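For reference, the structure I am asking about is given below.
All chains are identified by letter, namely A, B and C, in their written order; residue positions are counted from 1 within each chain.
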């Protein structure tokens, strides 16, 4: 995955904003895609902010996205022929990881994007303060797979490589 | 950071470039650079990147070395020419002689015939003769958000003799492109229709200077040693006065956006998972 | 003519026609365009550039060379646009001032 540094900054600025009751904010990138010699590449180009009222309280997780937040991302995937990348932030330095809850939840809702746009890959990404990790879903592979590299493209080219 | 600390934590060969940072070795070793065109400019690029410690290369050039290349193509020998060895083979040997552990794909083909070889490169360097090929290569690099470094050199007749000039440019996705920097113009592309692009004068010292400057741009991008790190950059070379300068206008606008390429125009517009 | 109108007009000849852009140049992708009678292949994906490019006021790029009976076309080396290789033949002076369909038909005239 290759992300423009300027777009990463937009996303981080949004994800760092406090929310009235959600511990973590989330957002979505819309992305283009292409073939590599041995895989695929996702290229985020735009960021969808989830507004404050896109969250609903939840006893187990504190907060979840409501249906409206997902609907907007799905509509973009369908109408603009784009991939969708679910994004959130773990505030620490170093390579972040998907918690067991992150994995469970993304395994649950990310395949919905394959229903509206099965011809493109979709992904979930976790930022840390300086790195990122991502997982990818496609309609030809039964399970999500780890994205090997996430690159921030800007005046300082910064790569996060899957461990 | 204390030099003693750095020396203790870096391989001996990297001691003299320890100012690039304690992680620089690992960063460079994990970097994939695609060099397109392994003639006078590209051979220097390959050699220097190997010395610096870049760990992975894709080299693309369809040609075999010829006698006419010996005046400037570093690493190419008389034997190479006699045996008709490819330019990429000479460059591979050059890289491996300095960096035996480097991973090198030597592809004797036009890059347009092997576009997938470029797509996972971290940086693409274009050392091509024609404006048309450079225009297309930059387009391919921008499609996959890959920083593109372009080299160009020429000699023109002037009153009283000849003038050597050239440039090294960093086209950074999201910022000024070669069109913005007036390195490539529609006039150049149109004029090229009527004449062959190759066969222009080329000399080793100008190629070497521009290639060295380009390597500096690449290392700045990977392991910046000063701040703020620059965005798109244009270095112009006046060979007769031996001046290499940052272009003033590009320098003050290098962080501007580019009207020719947007982030939305990335990827393969015809890509489909189901068709793979 | 607006970009949308251009796309709509060309869609009458090539269903699925859509605008694409690269390097500041505007193209219309024409999937499965039918070639003039007698050509092989009969159907080819094409890219119509309505902006000046490489010294041509407009240009038609094809996904593959076409054999037009009785025509010796001067095919140029492949060019890489939109992450794909395309070919074009030398056929100049088709101005962009006409309707897009006319521009396309003028280019296809070279194959007749």
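Methods note: a contact is a pair of C-beta atoms (placed from the backbone, for glycine too) under 8 Å apart; a residue touches a chain by one contact, two chains touch by 3 or more.
As the structure is a prediction and not an experimental result, all values here were calculated from the model.
S.K.: Going by C-alpha centroids, which chain is farthest from chain A? Tell me that one.
M.R.: C
S.K.: Need the central chain here, defined by C-alpha centroid distance to the all-chain C-alpha centroid.
M.R.: B
S.K.: CA centre of chain A versus CA centre of chain C: separation in Å?
M.R.: Centre separation, chain A to chain C: 38 Å.
S.K.: Just curious, how far off is chain B from chain A if you go by their C-alpha centres, in Å?
M.R.: Centres of chain A and chain B (C-alpha means) sit 33 Å apart.
S.K.: Mind pulling the residue numbers of chain C that touch at least two other chains?
M.R.: Only 83 qualify.
S.K.: Identify all positions of chain B at which a residue touches two or more other chains, and write them in rising order.
M.R.: If we look for residues of chain B contacting two or more partner chains, we find 143-144, 267-269, 271.
S.K.: Going by the contact rule already set, what residues in chain A reach two or more other chains?
M.R.: 34
S.K.: Would you mind writing out the residues of chain C in touch with chain B in their complex?
M.R.: Per the stated touch rule, the residues are 20-24, 29, 52-55, 78-85.
S.K.: Where on chain B does chain A make contact in their complex?
M.R.: So the residues of chain B touching chain A come out as 27, 30, 116-117, 119-120, 122-123, 143-147, 172-174, 221-222, 224, 228-231, 262-264, 266-269, 271-276.
S.K.: Which positions of chain A touch chain B when the two form their complex?
M.R.: 2-7, 31-37, 40-41, 43-46, 118-121, 138-140, 151, 153-157, 159, 161
S.K.: Could you pull out which chain B residues touch chain C in their complex?
M.R.: Touching chain C: residues 111-113, 115, 132, 135-140, 142-144, 177, 179, 186, 189-194, 259-261, 265, 267-271 of chain B.
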